[in-house]
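Presented below are the structures under discussion, each in the form of structure tokens.
Consider the two complexes below, in which chain A is the common component and chain B and chain C are the respective partners.
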Partner chain A sequence: MTATTRAAPPATARRGSFRILPAIELAVLALLLVVPFLLADRPELITLLTNVVILSLLALSFDLCWGFSGIMSFGQALFFGVAGYGVALVGRDLEFSQLWATLPLAMLAGGALAAILAAFLLLGRKAPTSIFVAFGTLTGAYAAERLVAGWQYVGAGNGLSAIKLMAFGEYEFVEGLDFYAVALTALVLVYAASRMLVRSQLGLVLAGIRQNEERLAFFGYRVQVFKALVFSLAGMVAGLSGALYSYHQGFTGPSNLGPGLSTTAVIYCLFGGSGTLIGPVIGTVAIEVLSYVLADIDAIRQFWPVLLGLVLLLVVTFQPTGLLGLAVSARERIGTYGARKAAR
Partner chain B sequence: MEFAAKFAFDMVAFTSVMVLIVLGLGVIASMMGIFNFAHGELVLLGAYTVYLSSEAGLGTWPGLLAAPVVVGLVGFGLERTVIRRFYRTPIIAMLGTYAIGLIIREIVRGLLGGHYKSIPEPIGGAFSLGGIEFSIWRSFIIATTLVVIGGTYLLLARSSIGLRVRGALENPMLARACGISTSRLYALTFTFGAALAGLAGALIVPLYQLSADIGIRFLVQAFLSVMLGGVGSFEGPVLGAAAVGGLAAWLPWVVTPVLADPLVFLIALAIVRVRPQGFIAVGRL
Partner chain C sequence: MALLQVSGVTKTYGPLKALDGVDLEIGAGSFHGLIGPNGSGKSSLLKAIAGAHFPTTGRILFDNDDITAMPPYQRSRRGLSLKFQITSVLTELSVYDNVLLALQATEGYGALFRSRSRGRLDDEVMGALERFRLAGRADDLAGELSHGEQQWLEIAMALAPRPKLLLLDEPTGGMSPEERRVTGELLAPIRRHCALVIVEHDLDFIKNICDRLTVLDQGRVLGTGSVAEIEGDARVQEIYTRRV
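Now for the complex of A and B:
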């Protein structure tokens, strides 16, 4: 949609309003396409990059909740982890790991779970406070982590390891360029779909909700239903991310379900810039690459989580628009809706 | 009979600790309208203070006495530097306090080295009453809580500071117009809430193992208590804490402990869902 509006108006009307956001998006995409070929002889970096791409999906799913519909979700890892456990169990008990079936199923699982949680937290006679929703999601993730950590069938505290490799037909994906290709395809598809979603009529309603929830409710929009819908979609994205993550690591454990990983997703997104789609991707890349580079220094590695917390605090206090806010104007971050009138 | 008495006793002891935590959380929530996500980590800091003092060879008592002071001071520092920026934006406050909690938790985790530490009860043993054994330490917790609740009540209801606090709670604008410095009261309230959390942490650490993650557990339970009880009143959170405490003490008798913990949360959330205003409804959160 943005593409057509960009091409439609005559050049004179567009002078001086160069759009930086699409340029950044293209640059990130080009980087993600080119860098793996430059690193082909460093397998551990390919693994890192694959992780980054998969975690970007998780960050993106949090952004759909917080940046686009104002749901503070401290439980995004719940959907991530459940889908991850799901594909691990299907691989173990049914000996099945065909990606054309397991990945959609993982999305379905994440989406369904999110829908149930949303129905519980968001839908009801009285609109819940945002703090109730935030705590509800945190509680869900915490309870799930405790439950899984004590449940023998899913490996209790040790989690599930040696997960059956993701396959397509006879071909099995191990860590490396081909797995990276799958992950990147998933990210690009989800990103494109999200981009369409937030610029659609539904996206317009979401923008209205962010601006003034009460007014939208008076217009007759059932605000909570829209939020629940986006929350479920975000759950699907988190589910996809979790399934890929489990396959890639060959392991899943209770910490993949809990508040810890959920918090990490929050940090990725806010650091990069919430409310834009490319922000969470940039945040994930930046933080994961930094963490990899700094891990060699002992003093920093031990207190890396503390640094992450400080980053979150500083971003929240002084730079709520994140890294992207430094480069992109508010007008462009918020964006415009509907087709522009051509040639006035 | 013996079983019932023991059970009731455990429940009351657990509830007492929850009451201490929730009182701090509730006071901050109803006064400033922000929900302190770092509260669990303040509890953790209290527990850690006791651990430090017992590591230093001083025994647990100095730590127990120091915990409320230390954590209160930390709370004061946090309020003056960070938290006060968030009063106008309660949603952002959620993220900000969460970040503070994360920082404290990870620092403690780094200092503990990821291990579980256990700390002996300062007064061990049990006394028997009518042929039933009661733990002395748990009785001490109950007694302390009663004293703190009584003191807080008197402070709020009888002192001039309490009058100002109640005024600021009722109508902050009018309170400011009357020359009451709400900013100073907010700092005081936050310090007080933090000190209560520190005391609670110090009291419970002999009962639980000390690890960096105990904070989040108590945060979730305290939140449910406040939600159950209703924000803005004194009795509400106490009642809610009793309900959560009762559930948490009772469920492990009925279902396996693995299920009990998540089930407590589910039941409490469900009750909140049905009755969002809490048991006692006056608040503004």
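Now for the complex of A and C:
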């Protein structure tokens, strides 16, 4: 059969066909908007939900790296933790915690640190291997954790506590619905910007890089520069997440910038479904809520982490596209990028 | 002045000499075939020109620029395009997006983020697909195309940014006779704006579309000339009857 006579395969999930991903995104947004009001008399659950939203940002930052750019970063907590320490120190030493300044500065700190790391790991003369980048980021997070654990100025192993409350003018944000509103606003804004990025023509370049870096170089793309750019943007998102987390917890410590939290972000993302943006949010919600519920059941109180670990292992092993892969086709996940006119 | 000038290029891998002092000149608009037995250095020469690997010694000039040590992305931006021997279309992307990806490579980061050229490039993308008989498959995944169609898509992608020189490594590999004939027809019109260097085992195909041929054997140039001159060269006949 020649190329010219070959019949077209069945048209599944093509341009214009129903797409489930936007429906899932809207459903998650609706839940995040409505649920807090249903839990208004359970402040501990509002606190949990606020943590979930903040950690979703961290998971989202990993998805930008791995799910969209093929960068296996085991160091997202480094940017998260440095920004968290940053706002804690600014609050302690400068008595300043205005969110209009500290949150953007935290993003800048995370982004700048990520750019420096990218210059070492990604912008060398030869394209680095995935393993090199994974170990490089892991080493960065580990070294930072060890460094702050021995540094008295930043509280050493005890970390920094009683962090000055995040404020806007005279108004101070404590745990509760108002802090939740700030965190959710940050998540929605970052999500919208990330969605615009990955669905743009730049997102098409990233989709190409994920599949065949070498081919992209022969088209004229500076592949490693694109990767460094996304890595830096992801560092900004992780920085925002870290600052909000420190303010919300009123505490930050060495574990907030180490490999443990970095790996947790990886698991959030893989569990929910990488390369989808909404998958990491779903993964974070699922794992954090499941942890909360399981820890409260008397019969399994002693070994619930083992159960949770088994569930995560099963999902990551047998469902590599995560929970979202059960509902969203690969075609829809990767998407289309052109602006083809409908009729010709 | 030749569009491409390869002077004394040698490429060694340990004790193995893949290329041994190769000289080659390609004029603008010329269709030039590289032939020779397996392992003669044809693909190695193409890779050295494209930047997939750097020569051990020697010099490569393209459009008056020394590109010997340039990375592939810089060569591409100067108008040099490559189609790999192994088909490397992006199988998880649509046929349309594969060509769009090739076309938008010169856009800046900000323009790509704002998707500024997406609408403007539509006609060019569809034009490229129509030329290679793939317009009807624009929405299909590239991985759903037949092998021959993937080869055409890859040539369409390589030609989309209107390069000055196209390097084709075995473009008809795995194609049916009909597909080979059509491929020859599809390549003929590009002569108006693009020179071609082609590596191909199908001698009838290469003789039909090329003006000049260079014969390689054991990493060295055995001879260069018109198709008739090469056909009449006893040394070429000898290596082909001996080894092909």
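Note that in this section the second predicted complex is superposed on the first by the 306 of 344 C-alpha atoms of A that agree within 3 Å, B and C clash if a C-alpha of one lies under 4 Å from a C-alpha of the other, contacts with A are read in each partner's own complex, and residues count from 1 in each chain.
Keep in mind that, in the parts below, a contact is a pair of C-beta atoms (placed from the backbone, for glycine too) under 8 Å apart; a residue touches a chain by one contact, two chains touch by 3 or more.
Since the structure is predicted, the reported quantities are computational estimates derived from the model, not experimental observations.
Enquirer: Between chain B (first) and chain C (second), which, if any, makes contact with A:Arg42: first, second, both or neither?
Expert: A:Arg42: touches no partner chain.
Enquirer: Tell me which partner A:Asn212 touches in the superposition: chain B (first), chain C (second), both or neither.
Expert: A:Asn212 contacts chain C only, not chain B.
Enquirer: Can A:Ile334 be said to touch chain B (first), chain C (second), both, or neither?
Expert: second
Enquirer: I'd like to know which partner A:Leu197 touches here: chain B for first, chain C for second, both or neither.
Expert: Touch status of A:Leu197: second partner only.
Enquirer: Mind working out whether A:Arg301 is in touch with chain B, chain C, both or neither, as first, second, both or neither?
Expert: So A:Arg301 meets neither chain B nor chain C here.
Enquirer: Which residues of chain C touch chain A once you look at their complex with the stated criterion?
Expert: Answer in residue numbers: 50-52, 71-73, 76-77, 81-82, 84, 88, 90-94, 96-97, 100-102, 104-107, 109, 111-119, 122, 125-126, 133, 135-141, 144-146, 148-149, 152, 157, 161, 175-176, 178-179, 182.
Enquirer: Which residues of chain A touch chain C in their complex?
Expert: Answer in residue numbers: 1-4, 6, 8-9, 11, 14-15, 196-197, 200-202, 204-205, 207-208, 211-212, 214-223, 226, 229, 330-331, 334, 336-341, 344.
Enquirer: State the interface residues of chain A toward chain B in the complex, per the touch definition above.
Expert: My answer: residues 70, 72, 74, 120-121, 124, 126, 128-132, 134-136, 138-140, 142-144, 146-147, 150-151, 259, 263, 266, 270, 302-303, 305-306, 308-310, 312-313, 316-317, 320.
Enquirer: Help me check something: in the complex, which residues belonging to chain B touch chain A?
Expert: Going by the criterion above, the answer is residues 35, 82, 85, 90-92, 94-96, 98-100, 102-103, 105-107, 109-110, 216-217, 220, 223-224, 227, 257-259, 261-262, 265-266, 269, 272-273, 276, 285.
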